[in-house]
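Multiple structures are listed underneath, in structure tokens.
After this come two complexes, each holding subunit A, first together with subunit B and then together with subunit C.
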Partner chain A sequence: MRARLPWQVLAFLLPALLVYTTFSALPLVDTLRLSLYSTDEAGRQHLAGFANFHTLLSDPRWSAGFWNAMVNNLKFFGIHMLAQNPIGLLLAALLSLRGVKGAAAYRTLIFLPTLLSVVIIGFIWQLILSPLWGVAERMLGWVGLSSWFGPWLGEESSALITLSLVSVWQFVGIPMMLIYAALIAIPEEIIEAAVVDGSSPWRIFWRIRLPLILPTLGLVTILTFVANFNAFDLIYAVKGAVGGPNYSTDLLGTYFYRTFFGYQSQVGSPTMGATVATLMFLVILCGVAVYFFAVQRRLQRFTF
Partner chain B sequence: MRNNTSPALRGGLVHAVLGAYTLLALFPIGLVLINAFKARAAIFDDPLALPTPGSWSLIGFERVLSKSAVPMFFGNSIVVTACSLALILLLGAMAAWALTEYRFPGRRVLTLFLAFGIMVPIRLGTVSILELVVKLDLVNTLTALVLVYTAQGLPLAVFILSEFIAQIPPDLKDAARCDGVDEFRIFFQVVLPLLRPAIATVGVFTMVPIWNDLWFPLILAPGERTQTITLGVQQFIGQYATDWNAVLAALALAIVPVLLLYALFSKQLIRGITAGAVK
Partner chain C sequence: MTVYPRLAHASAAAALCIVSAAASAGTLAIESWRIDDKTLWEEVLIPAFQRKNPGVTVKFTPTAPTEYDSSLTARLTAGTAGDLITCRPFDVSLNLYKKGHLEKLDGKPGMEHFPDSAKVAWQTDDGKDSYCMPMASVIHGFFYNKKIFSELKLSPPATQQEFFKVLDAVKASGKYTPLALGTADQWEAHQIVYTGIGPNYWKGEDGRKALLSGKKKFTDPEFISVWDTMAKWGPYLGKGASSQTYADSQNLFALGRAAIFPAGSWDIAYFRQQGNLDFAAFPPPVPAAGAPCYISDHTDIGIGVNPKSRNKDDAYKFLAWVGSQEFADLYTNKVMGFFSLSSHLIAVKDPVAKQMMDWRKSCGSTIRLNAQVMNRGEPNMETEMWNVDSQVLNGKMTPKQAADRIQAGFSKWYAPQK
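What follows is the complex of A and B.
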């Protein structure tokens, strides 16, 4: 670490800062600014204070769609927390047991779906769950459950859950990998000391290993949160921008897209789009803030 | 899993769970791959059967390749991903070097400014990014995508590369400095070559999201000639949804290159994700 002529530092920093500021930081700030403007019929923008937010949150023509997308997004996140992360934890715990043959192969294969495009995964599951093709129905038939089968993606009551589970299926490899890395980083001596004390593997997992990987579980939670509240591709690929049937799979990402670009009879509005984006930004910011100030600070005390 | 269960039973249980989940992870992908090579009747008669000489058909691939420009989509994706990755690595390494090697006023603020971009998705600025791209007359160009993806990938790359740069032994740099080598040559000739192992890690975290992205191609470059493979496949399937041969072939074409790359680089990739914890 040394003090140098500032122009040298500047020359190293400037290209990255220029691209990042121009195409990421400034557009974000500008989006926040745009949310305070409204567009009149002639397409001119003028300052409107918090009018857009008021419209979005309380005018029934807008707010019904917005709150619906928000609630759906919370369910989407909830299903990921209840399914993706516990399954990821279970797989990681099994993989990190000593002497599991082929652990590397399992790890590699289970991670594979995360590398494919969400669009591709969406289409694949659409085919599998299609009543026309009948693959899912036939396989349920093997275990005598073919009567369970229904057009899950097409029904209002089940479409969101089905799509959430498709997303869980695809991304379970990420928590698995992060948690696995944290588990095997625990020093052997700690585990051995517990073994010598006569603790069962079950007890060692819950009382020693789990508390030690809490920071990783916090990280997994915030990564899931940000990714879920930013999700768009899967819904768009499978259900289009309207998040059908009857908006039951509409998430903030698809709502943002429709507000900004318009869809069918709805005319797009950059300023209302910016307002939706600003609210999404605030939601994500809250999540990140909770993570840093509550979770991360407390958990760091337990790290080794 | 109490102590009293026999180790053999426990091992069997572990393999049963892991094996079952592995099957679940691979089955949908395998299903698409085997049916992409079958005639329409065979796809519906027995979806789970492997293609036989009787059911073998490449009609789906012929249709995809004749009706859409898949090779061009691949070309676009490769250009965008490679250019973005190269820029992210070069600019990211330069910035990471400046932030870790030198002490200067505003260093902490700049680090925080960049760190902000790790957590906040760049998509939220889309309204203004589109305005900017329109102003620069870059709509429907791959340049627009490269610039946006570079901005998207830089914060995390700087963060990762800083960790790598901090591990470079100071002796190397000091020896060069004693010989009077200037700072630029130290960076480009001593430091940059040492960062080669970091390429895998940075690559995992930046390449996969860029290659798979639908959002920015859809908004910034939806034109026929600039579609990436993800957007191209999405549009093709939207258009020919009832042609099962073509849909399955399009999906297979999108999957196979990723499978091949993963087969070659899975070890480096997993090491990259787990930050070296997995040997």
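What follows is the complex of A and C.
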């Protein structure tokens, strides 16, 4: 047994490695590098050490917007964890029951919004929720709740929650599919043995199925985390890059966009933008690291 | 090793040959954010230019307005931008000039047809270098639905008092929304409302210059009173105005469901396309009867030359044509709602456009309050203004709070305001 890597493996890995390096790794490294520079009036860049980070985190003109975006992002993530993943789990559990009529049709329908463009999703929901032309108010009226209706997308207190729920509606298919796949992969013998031992279906779910799909739930959590902290498109499609009203829907993605590209009269700064991007990268990196070291390792024990 | 540089030279020379061949063929590309005007450029403006200058091919290559500034900067840096650059007013273009992405245009043919007041939007702070030729301005005011006004026996208001009487009358009728305005997109609250109705209060250029020199603050009565007026608009907006977009407002007015639309002159073209809407315009009402009137006549669009253009001779020919009487006439009358900034005399054909252009005769003109210099700092005043103006309209912020917040942001970085 020789430990040498056969050359074929390298040859087959090379194309993917090249593509990954050129389009993912190098731009990332360059972004990290750029965050250490600053731009002067004539557009020349010079090394500035950690000055950008210092400005971004300590100068109230920058840090207020940054922390506001960070807090909004945490709320955005929190709503996904509270709504998207439990609903995904519930749907997957229902779909994996034996003898559900039309399970395939439900599965497809629930997954379908994930395939739609975010621009379409944003546009449709803006229309549905519009107080002028939308159907939401009339539909609430059918069940006698029309007094509950408000211009949810326009109110500071509800805009972020509404957008989060739109995003949940769009992406709930992904946790559902992943959890569904994990649920149907559980060997029948284990369930049957539990039934023979006299366990109730409720107990089987909580004590047997759920522990067995925990690795998938962990995976879903981390996927949600990464996607949420990179979120940008839905907010941009519905509220524009300013994240109104009163920055209540401003996420790190939109804050980065305004800083890097500029917006209206605000002139973009590639170096400051790179600093924001670097901090976003670090936040995501920390989140993923916590997951890998604290959660994933323990989860391994439950798997076969 | 020595082979490579020579090879590089050879290929560079070959490339140069191709380039000069392309240049002699005379192709110009125009960078712009006016996607809406693409057909107009291709079918009216460019053919008119080519009749005078045969053999020059001109391509109009617009980018979406929200992406224009970032993608143009990227193309200019990479050296792949077009020959002629459509310029945003003030700092965005000034930045390009400082980075060497725009040619100095002083003394170039065509520039003599523009008054200094038009050129200032595309000059360095000391006024010594001009880098874009002014093309057009937009004027702000109000459109009203003539049918609704005659049905309710109303006439266009001249003073603020009359304005609110009209709004009350429309509201009392219960059939129409008095004001077609929402705050979901935020920018209208500032660019159309605050800087549109405000000049009457801060006396146009006087107030704007006093802010720049540090003699006045946003917390002074003439600036707060604009927010005071806006705070009173809330009850006259449509249901759920906080989530009403600009397109929603346009639709409300185009469908005849709203009586008054706070407008920019560019909206004329949109409402003309909607067919048989019978509308006219009135200027922002003055605070008291007999007070002098001021309008926001904003220098919005200019055109400059890319220093890296391979075909500068033709680019300058085109620029000279942009400064001509013919262009002024075509642009004003075909791109409805954009008014030529040149000193040529032109007849405006669209009745509403003519109405708005005629305000220039009786009212003082000024540009959007914060367009010059004030947007330069951090926090960016334009973005801040969108935010506070929408909140004042929604009743979420008092005029005093709005003024304090803007003044605090302004005085943080602008020396004369410290």
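The definition used in the following text is that the second predicted complex is superposed on the first by the 287 of 304 C-alpha atoms of A that agree within 3 Å, B and C clash if a C-alpha of one lies under 4 Å from a C-alpha of the other, contacts with A are read in each partner's own complex, and residues count from 1 in each chain.
The rule is short, and it goes like this: contacts are C-beta pairs under 8 Å (C-beta built on N, C-alpha and C of every residue); 3 or more make two chains touch, one makes a residue touch a chain.
Note that this is a predicted model, so its numbers are computed, not measured.
Asks: Just subunit B (first), just subunit C (second), both, or neither: which does A:Leu26 touch?
Replies: A:Leu26 sits against subunit B, while subunit C stays out of touch.
Asks: For A:Leu90, select first, second, both or neither according to whether it touches subunit B, subunit C, the two together, or no partner.
Replies: So A:Leu90 only meets subunit B here.
Asks: Touching A:Phe12, do we find subunit B (first), subunit C (second), both, or neither?
Replies: first
Asks: Check the residue A:Ala193 against both partner chains and state whether it touches subunit B (first), subunit C (second), both, or neither.
Replies: neither
Asks: Let me test your reading of the model: by the given contact rule, A:Pro151 touches which partner, first (subunit B), second (subunit C), both or neither?
Replies: In the superposed model, A:Pro151 contacts subunit C only, not subunit B.
Asks: Classify the contacts of A:Ile110 with the two partner chains as first (subunit B alone), second (subunit C alone), both, or neither.
Replies: First partner only.
Asks: Spot which of subunit B and subunit C makes contact with more residues of subunit A, would you?
Replies: Counted on subunit A, the partner with more touching residues turns out to be B.
Asks: If we overlay the two complexes on their shared chain A, which of subunit B and subunit C does A:Met280 touch? Say first, second, both or neither.
Replies: Once the two structures are laid over each other on A, A:Met280 reaches subunit B alone.
Asks: Quick check on the output: what are the common subunit A residues between the subunit B footprint and the subunit C footprint?
Replies: 133, 261
Asks: Quick one: in the complex, what on subunit B touches subunit A?
Replies: Checking each residue of subunit B against subunit A gives 1-3, 11, 14-15, 17-19, 21-22, 24-26, 28-29, 31-32, 43-44, 47-48, 87, 91-92, 94-95, 97-104, 110, 113-114, 116-117, 119-129, 131-132, 147-148, 150-152, 154-155, 158, 183-184, 187, 208, 211-215, 218-219, 230, 233-234, 237, 244, 247-248, 251, 254-255, 258-259, 262, 266, 270, 273-275, 277-278.
Asks: Please give the residue numbers of subunit A that touch subunit B in the complex, ascending.
Replies: 1-4, 6, 8-9, 11-13, 15-17, 19-20, 22-28, 30-31, 34, 87, 90-91, 94-95, 97, 99-103, 106-121, 123-125, 127-128, 133-135, 138, 169, 172-173, 177-178, 180-182, 184-185, 200-202, 222, 226, 230, 232-233, 236-237, 253, 256, 260-261, 270, 273-274, 277-278, 280-281, 284-285, 288
Asks: Enumerate the contact residues on subunit A facing subunit C in the complex.
Replies: My answer: residues 41-43, 61-62, 65, 126, 129-133, 150-156, 239-242, 244-247, 258, 261-268.
Asks: Considering the complex alone, what residue numbers of subunit C touch subunit A?
Replies: Subunit C reaches subunit A through residues 66, 69-70, 73, 77, 90-92, 95, 98-100, 182-187, 238-245, 248, 252, 371, 375, 378-383, 386-387, 390-391, 394, 396, 409, 412-413.
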